[in-house]
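In the two complexes that follow, chain A is the common piece, with chain B as its partner first and chain C second.
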Partner chain A sequence: MSSIQIQNVTKRFGDFTAVDDISIDIEEGEFVALLGPSGCGKTTTMNMIAGLEDVTEGAIRFDGQDLSRIRIQDRNIGFVFQNYAIFTHLSVYKNLSYGLEVKKVDRSEIDRRVRAMADRMSIAHRLDQPASSLSVNEMQKLAIGRSAIVEPRIFLLDEPLSNLDAGFRAYMRAELKVLQHEFGQTMIYVTHDQIEAMSLADKIAIIDQGKLMQYGAPLDIYNDPQNRFVANFVGSPRMNLVDGELREERGELHLMLHGGAEIPLAGKVRADFTSDARVHSGSFGIRPQDIYFGDQRCPTDITMHGKVEVLERVGPKRLAYLQVQETMFLAFDDQAQLEVGDDVPFFLPSDASMAFDLDSGRRLGGR
Partner chain B sequence: MALKYFFVLLACAVVLYPLLWMVTMAFKPHPEWTTVAGLTWFPENPTLQNFEFIFFGRAEGLVVSLDRTIVGPLIASLVTSIMGTLVAVVCGTLSSYAVVRFGLAQSLPLSVLQLRLFPPLAVMIPVMVMWSFLGAVDTWWGLSLIYGIVTLPFAFWLMKTFFEEVPVEIEDAARVAGCSYWRVFYRITLPIVKPGLATCALFVFILNWSDYLLALLLTQRDWVTLPVYMATLTSAMGGQMYGMKAALGVIAAIPPVIFGLMIQKHLVRGLTFGALKQ
Partner chain C sequence: MTDQTAPEISNTHAKAGYWTRVARDGQKMGFWFVLPTLLLLVFIVVFPLLMQLYLSFTWWTPLEGIPWYQAWEVFNWGENYWYMVTDPRFWGALWRTVLIMIVAVPAQFFLGMALAYLFIDQFPGRKLFYSIMLTPMMIVPAVVGLMFFLLFQGTGPINDHLGLPPEFSWLTDVNRAMISVIIADIWQWTPLMFLILLAGMLGVPSDQLLAARLLGGSNWQNFVKIILPRMKTVIIIALVLRAVECFKIFDLVFIMTNGGPGVQTETISVFLYNQTFGELEWAYVATMGLSILIALSMLAMKGLSLMAKK
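Take a look at the complex of A and B:
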């Protein structure tokens, strides 16, 4: 077990900056997810922690000790690769024992630990078979078992579940959480799947184009995104984010949407937009489940009118696509009262709405 | 379906007919080599005379004799082909791995290929001068060296494609487990490309084994190889010694066949390497 400090780390490949000045503190025993779209630099970050890539600038420390001085073989890291990287020319047993053999662990001890791990990962009946004969699901278990068996200081998982079928993925997700509890190890988990990150991690680092967008507990990130990217990336269905120009007329502040509609700002969200006088174009955000229909519940809630274009069933609820001029809002039809083609008023609660600066993407105001 | 088999059979016939001719000829006595009555498919009076002749230099019932038997050239061919194969495969494997995995010497693949762009004859004059300067003419190491050099590009390019197929993550996994670069190469990568390595060795060996030109120019007496030796099998009295040549051909075909059978299991995998994605 180890704590990890990633300090102002930058990684360049020639002219291309893959990772740009990222700092993340990871406590001992924490489960941290690196979340971001493909190609955002999360795997590069992971590879630098493992030592597979050098750090261009900045430092990575384990328990305060600078990693760049430690050879990769001495870092004692467990790494589960996206494509598992099973040694297909060896048997399942040899795959599991490999790390221990390299570390020159005693034969009988190796045998004991291999069998225990095979039992733990329920692949004991496959021990003597060639690893190439395993199913994808079993390879995944083997890959995790092979990394876990050496009892690494930290455990790195690079999109380990992305190749699995949906059912087994849900199972492995639960299994990983149990494993982390058992091992008590510091785990870093790379994924582009926000549901995985949300359900597994103690903390999430959201990365976009090599930059750290936000780092915090899953719920904090969900409830209090610090910028437009995070607001847009986290949550399913996605947050409604509409862009426009701020215009003040006779003491009323409006967001003139690029689609032609306008939002009369009021209450907290109005205060947020006016918190920085330099901001002229903004982005208005509201999660679909916060929009409501029927009667206005609070005087500062914003009233809009829209036409129901589509009703989509999402589990027990229906998701309504509300067209306001050229702009589309998504809202849950919680009382099952809407029909396609209806022209209905709906309400955007001011307290649940978020304001962003369109140019920088920065969150205006706060919770 | 029938058409498919027709072409398969046709291809087999084209490939196998000369082999059949060689094998049957090897067992034909002198009068049956060429006849006015026309050739027969199989020897009417099968004999081992031809083999006896090339191994011992003389045979019962033949007036001609050889001052040189097959034994010397056979050993020369085996030694130089095997050593040349070792040189090409070892150097080709290590250098292509360095290029593929560490991105070293990016221009190397093409410069290596330049060697193959020239007709061998074009470079042979300078090579002969160098070799005689080095005292390498008509030595086993001189011929092995040129075999290794000439087939190196082939080994390099073949191994390069095999290494490119190995996912880098497998090596990373081994490195994270605590292996040094050398150990990763030796214990993980090399076993994975073993089929390719075996195929490569076989191809290079066959190239070396069947070489005529280099051996002709760089050997004189002690290290004359089988192909060169075969060309000398003519006699002033008997003309072309077809039977002996055929017998020699049969003997010469044995080592590549044995080698091929030994690595047969890998051969299929090696030839289709890359066609299979996990």
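Take a look at the complex of A and C:
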């Protein structure tokens, strides 16, 4: 078990910068998710931590120790590949015992640990069968067990759940959390699925185009995104993000949306937009669950009018698509009072709204 | 749907004759297309084989004064086969061929394997070295024979480099002649081994190799436990291919030593050549040729059947 310091790490492949000056501090025993869209550099970052890729600039330290000069096989890093990389020509037993056999661990000790791990991963009944005969779900367990059995200093998982069917994925998500507690391991988890990251990780590092967008606890990231990308990426359903130009008329500040509608800014979100005088185009963000209908609850809440285009059932609630000119807002119809085609007023609570600079994507103001 | 109709069609096929079937299925044109090849195969495979079998049971030689198809007049009830198993020159040639095979093929295998291992990772100049590596097997074997004939001369470059006197002969020495031939064969055919084994090695999933390394396996451990077992099929193919090819070695020997000194490097192919064009014992040659064909086929089958085993 160890802590990891990723310090100003950059990775270039020729002219292409895959990872751009990323710094992440991971505490001992922490579960960190690297989250981002495909091709954002999260897997490259993970490969650099594992030592599969060299670091172009910067350093990665384990408990303060730089491992870049240490051979991969001596680093003692557990790695679960996206496609598991099971040794399909060997039996399940031999797969589990591989990491111990190559370290010349005593036979009886190997046997004891293999059986314990097989029990733990509930694949004991499969021990003597060829690994190629396992189902995808069992391969997943075998891959984790094979890495865990050597008690690595850290555990890296590369999209481990993406090949699983939905039911088993939910089970495995819970199982991973339990395993992480049991092993007490520092774990780094690469995923493009924000729900996975939100539910599993102690901390999330959101990466886009090689840059670290935000690093923090899931709730902090959710409640306080530092830029437009994070706001857009985290949360399901997605945050409403509408772009427009700021215009001041007769002392009132409006965001003239590109879709033709306008938002009269008030309260905190107005203060946020005016916090930087250089900003002329902005992006207004509000989560669907923060929008409400009925009576205005607070004088600074923004009133909008929209037409209900679609009502979509999401679990016990209904998600309403509200059309305001060319712009669409998503809101939860929690009182089941809307009908398609209705022209309804709705309210954007100023305190829950977020302001972003459209050009840089930077958050304006703050919580 | 298809499962139900398929047997039905094949049933009607079984009732009708083969040619009717071919005609009716509209495969007639296809049949005419492949006919030239079929005829060619009959002439270059079936006919010579039958002719060989026929002649091997007679005393016939071109000097007999009768055409080959009348060879039944000198039918000898398989005495050629008895002569063969008691012919010391045949067994000598066979032993020398096997000797070359059991020395050269493993040497090519280990060298090829080692070279292939060096080539699985990228390094500067890999493509260039790769092309250079493959050159020997591109050269006509006779030319390779000539090259080594010149290299191994008493006053040639090899003696010169090793600081040996011109009297130190390679190709005319009872023991060293064989060594020279084996060295030439290894030089020429290691690249083929290398090529096949490299292809097999590149076929080993790289993520499994990475996983093995991350689990702490040393390069040697991973090679033995992951790469080798996964290459089993390719290894067997490479060994069978080379063993069969090596058994037929002719050009190198013919040009470098012509089987000499004496019969010290006479392999089966060279022996057959000498019997054919020197002694004109064509029936005897047919006997040996057929026997070797059967023996080699069995050897290859044995090797390939290893592949089917899990």
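Just so we're on the same page, the second predicted complex is superposed on the first by the 367 of 367 C-alpha atoms of A that agree within 3 Å, B and C clash if a C-alpha of one lies under 4 Å from a C-alpha of the other, contacts with A are read in each partner's own complex, and residues count from 1 in each chain.
Throughout what follows, a residue touches a chain if its C-beta (ideal position, glycine included) is under 8 Å from a C-beta of that chain, and two chains touch if they have at least 3 such contacts.
All values reported here derive from a predicted model rather than from experimental measurement.
Asker: Using the superposition on chain A, tell me whether chain B and chain C clash or fit.
Answerer: On the superposed model, which is not a single observed complex, chain B and chain C clash.
Asker: Touching A:His89, do we find chain B (first), chain C (second), both, or neither?
Answerer: A:His89 sits against chain B and chain C alike.
Asker: Does chain B (first) or chain C (second) touch A:Phe79, or do both, or does neither?
Answerer: both
Asker: Answer with first, second, both or neither: which of chain B and chain C does A:Ser132 touch in the superposed model?
Answerer: Touch status of A:Ser132: first partner only.
Asker: A:Phe31 in the overlay: touching chain B, chain C, both, or neither? Say first, second, both or neither.
Answerer: Neither chain B nor chain C is touched by A:Phe31.
Asker: Quick check for you: in the superposed arrangement, does A:Tyr222 touch first (chain B), second (chain C), both or neither?
Answerer: neither
Asker: Where does A:Tyr98 make contact in the superposed view: on chain B (first), on chain C (second), on both, or on neither?
Answerer: Both partners.
Asker: Any idea which of 19-27, 163-171 or 181-189 of chain C is the one running into chain B?
Answerer: So the stretch of chain C that bumps into chain B is 181-189.
Asker: Same chain A residues contacting chain B and chain C, which ones?
Answerer: Chain A residues touching both partners: 50, 52, 72-79, 81, 83, 85-89, 98-99, 102-103, 146-147, 150.
Asker: Which stretch or stretches of chain A touch chain C in the complex?
Answerer: 50, 52, 72-79, 81, 83, 85-90, 98-99, 102-103, 146-147, 150
Asker: Across the complex, what residues on chain C touch chain A?
Answerer: Residues of chain C touching chain A: 205, 207-208, 210-218, 221-222, 225-226, 229-230.
Asker: Using the touch definition from the top, list the residues of chain B that touch chain A in their complex.
Answerer: 167, 169-170, 172-180, 183, 188, 191-192, 194, 278
Asker: Which of the residues in chain A come into contact with chain B in the complex?
Answerer: 50-52, 72-79, 81-83, 85-89, 98-99, 102-103, 132, 146-147, 150
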